[in-house]
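Each of the next two complexes has chain A plus one other chain: chain B in the first, chain C in the second.
On to the complex of A and B.
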């Protein structure tokens, strides 16, 4: 049998719209509509700004984390980098350094953290899950070691306002603008550059990617460095947003970020995912949490819902595959011979 | 990828040129196996730390209470690490153990509060069974849904934690709510060895023996080495995976009961974040994170090391704030060590092949 490259089974509009990412965004819209109509105060003027302020750190870290997970790796150390950069910002400020300079140092250290992770994973070839559990403890340990149990809280309002306030027109938190810029940059990088194609190739098959000219180690290193850098930025935002630099800031945030990324349709095996889905995933969790809080539903139920969403979203692939296998089976029995080709296309 | 502990067993299956029948006596062989094992490295580090702390402050080891604490404190993490090690061996991971621990710890407290006079054994069994059920949910989802365990157990981490938060609310169970006979378990000793530590050691011995000798145990290694090959070979992959998660859940459930006995105070936040410590202990203990290699012994010693370091560092003059950083360095050191060892083993095998 000659094997020809099967043509796309569905027209372009259908392939673009019937995706997991669109499903997540659709769910986001549904929840938004439900919340605005059914939840008292949700449509109030302050809900959305506060929601955006709350999810800002997760939104930031989710961008590079998407790249890392698409290459088939994972970075569990992000929340510790947030803590470390928060502590650096605080203690340098305490020792009289200006905020922008201290922020630059924090960003640089975040970059170094990412570089260390990336070096061990990409060039030494160690498993990222184990490495970043190690650096999760290491970076958090450094953060707690530097400040102990003390906290730095006397940040000038000039700077904290940047992370706490919003524009008078439209009530858009200032932090949204840099996030938007970064989201566009990461979206372009992932979906419209050869580097981004390489990221997907690595996730699908690192060896094949290598032989088709992708510098696998360097690409992985870059994704980890970006993650470290952006996590440090999230740490600065976190510190200024809550006006407090502590060693245990953002503990456990790594799992929230990963949950959001996976909910957004990125495959944990790598090679699959899209940035708009991830943004949808983060916002979906944010909207659900904020709506339920307004409904006086406690954090625990929100935890359960997020957990269920996560499990269901990953199970859905299996369920859909099962359903389509069932349908294929029926089609074959009816004498359809298209199933072979369809499988090749899929 | 064959692991150190299977060397003796699969010798017969290997080409004769690679492994010759041992010329040593069984005792000699046992000694060599122990001395050359990966676990000995952690034992040495552990002994070194205990020795250093004892030299600095003799009461670290030689006062009655601290000897007890030295063995008692790691018991909980040991139980979790043993279960986690079995799951990791099969190339999976269980992140929900901390939440499972919280559920059964609170369950233990509630049972005592709501049914005064309930026998302790019933409570222990309840903890085991509930833990096993929660583990089975993980196993079902992973084995039947064919979804990566990291995602599933991350989901159930949230779900189980949410469940215990809902159940307990801001309620807290205090030591005064628990019967003295149960709390005594937390401090009782047999021949100056704490009972809870003995429980952990018995569990460790049983699971270790099972993995080493039982067919299902060897299957776990095979599955972790190469899941596809194990499937093709006809191993019951699904059933074994379910078994691994069930065991991990049951041990986390037991750890919850132990937690209640040890600390007496139980809130819904019990064991938050301990899952990463359990994975850390497993990694330090030399279990390969991609499965197929390592022992529960290593994982248990890794757990003891993690806990002991936390207690020893302040004595060694390192502010306890830096503990976590040291733990991080230890985990990274363990991974690098494993990499070096496996590279060396690969070289030896290649040399042996080329020489043949």
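On to the complex of A and C.
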């Protein structure tokens, strides 16, 4: 019986384990083991909750950002949406609105921000890099314009506690549970639905995807709306966690998010990636930052190290691709027709 | 849809990795502080961490130097950390790290009276003593507050200086630090009350915020002079602000016409006092402030005081101090610098 798809070159165990995602997760485990034994106080009771609290907004935004990058686009305005949402939450609360209602308004505005980005990229056809650099400035300007240089800091403790405290058993911050649920939802969306399949197809070849029946514009719009919405959610978390709503909150966060996504194995050129890799990437950056901070390394040096890690990770993709192209080239020249010829004939 | 082998593999990898991560974190932390918790007090040395509003601020460089001197004197270990920008959320990660490291004492100048409160509470429950200096938080978040002088005294000296220099009538403006800074806001409130009560011919045009950033303060000075053409005096209750304002005015047409005063350090202000841009300014000795704060922290860690009113402790070469109301310790009175005495000081 002839199979309708090309036979895989490698056995399942090799395909499952020799992936970029597993490499990131493996590196994460290695760093964790090193940190637990070599870094003083890393095994202390406060490390896990503080680490998870610190990475919570990055993890949140990394979820829809993965979708955006897999389609071959980018969204640099996420941190500005965080700031805008933060400021709206603070300013509305200051004027007497309840926190849940103010949060809903902030989420709605985040959705509008994403809609604006998505419309310009998907329907007007502008490059996302240019659009989101513009909206980065636009949304940040709005955020700073609303509150000026003041910060709103008197949030009711029942809401800040939600964002800051953790369970006694396991020391998991309460905020992690809804984030995990969201991660599962995004994982299912990306890897187990036809919409997710379409996302990958768009990244590999948007024209081909279009001719295969994928509504490319609508899919891209949805990804940007998702980043806007989730960034607003991250803004609410950020504000309540630090107890401070300021226009310049989370400046520069977009770079940490993108670094985490790329470290997690998502290709910047689009079409490749997996959500569990991104989870690994976020945690890797979080663990490295936490461990280095405990070693009293300054923030600058931590940024340098993470930057290097990111460059190496992106380079390694290209390096691996070049190496495997070389091997394929050598194989063909040696006359190793084998499965290649059978496939060509089929 | 069919669960293909690849997707099963994906799910499997996800579950395995998540469980690995959580068990690694959970497991190792349950085993207690096994992994080399050297810094933390097992050696008996008192670890003191200074957390100013921001790094790269000459005022805090001086105060923290005083703190370092004190810590060296009583044989502790000193560390200085801080954010690049004077924001409250910038300080929270350093407070968290201090709590994780089991630091014995945290000496902090707060960027906001409330926002860093819960991080400080967490540090306190981890065993760290919290001393605020220069800029306070709400009293429940700290064990002691070391104040440079009474807020009334600081406000009054600035109002006296500026009103004297403009002949007690005319328009003035205030160039402050960050909009949420506890100390500056307390002084500004008192200054407004003093002006309203005692100087009816002096009008306060505006309060602008330079965020303790040199460039921002410089730009705000320019904006003030443009927006208020009749401005006769600028008061800046922050050393970064007064330095930037003096720098702007000394190279402009307003030199000698618009008075610049406030709180400044002698080394930064010397040039402008000598060239006539600034007549007088005030401060206390920030080095003494940091020194006192460090000794107050030591007294807390040693259990000699608890921060309640009436407690006394000795602060090295500065002598004996008593804790006042609200857990506050006062360094002394503000000191006025002018052309005649500025060369006597080096900070």
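Note that the second predicted complex is superposed on the first by the 314 of 346 C-alpha atoms of A that agree within 3 Å, B and C clash if a C-alpha of one lies under 4 Å from a C-alpha of the other, contacts with A are read in each partner's own complex, and residues count from 1 in each chain.
The rule is short, and it goes like this: a residue touches a chain if its C-beta (ideal position, glycine included) is under 8 Å from a C-beta of that chain, and two chains touch if they have at least 3 such contacts.
Note that the structure is predicted; figures quoted are calculated from it, not measured.
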| item | value |
| --- | --- |
| Fit or clash - chain C, chain B, common chain A | fit |
| Chain B, chain C and vertex chain A (Cα centres) - angle in steps of 10° | 70 |
| Touched partner set for A:66, first chain B, second chain C, both or neither | neither |
| First, second, both or neither for A:148, with chain B first and chain C second | both |
| Chain B versus chain C as contact partner of A:85, first or second or both or neither | neither |
| Which of chain B and chain C A:307 touches, first, second, both or neither | first |
| Partner chain(s) touched by A:136 [first = chain B, second = chain C, both, neither] | first |
| Contacts of A:315 with chain B and chain C, given as first, second, both or neither | first |
| First, second, both or neither for A:117, with chain B first and chain C second | neither |
| Distance in angstrom between the closest Cα atoms of chain C and chain B, superposition on A | 5 |
| Touching both chain C and chain B, counted on chain A across the two superposed complexes | 148-149, 299 |
| Footprint of chain B on chain A - complex, ascending | 74, 76, 120, 124-127, 129-131, 133-142, 144-145, 148-149, 247, 251-252, 255, 258-259, 262, 268-269, 298-308, 310-311, 314-315, 317-318 |
| Residues of chain B that touch chain A when the two form their complex | 93, 95, 141, 145-148, 150-152, 154-166, 169, 268, 272-273, 276, 279-280, 283, 289-290, 319, 321-332, 335-336, 339 |
| Touching residues (chain side chain A, partner chain C) in the complex | 12, 15-16, 19, 21-22, 25, 28-29, 32-33, 36-48, 50-51, 54, 148-151, 153-154, 160, 164, 170-171, 187, 191-192, 238, 242-244, 246, 248-249, 274-276, 279-280, 283, 293-294, 296, 299 |
| Interface residues, chain C side, partner chain A - complex | 1, 5-7, 9-10, 12-14, 17-18, 20-22, 24-26, 28-29, 31-40, 79, 84-85, 87-89, 92-93, 96-97, 99-102, 112-118, 122, 126, 178-180, 209, 211 |
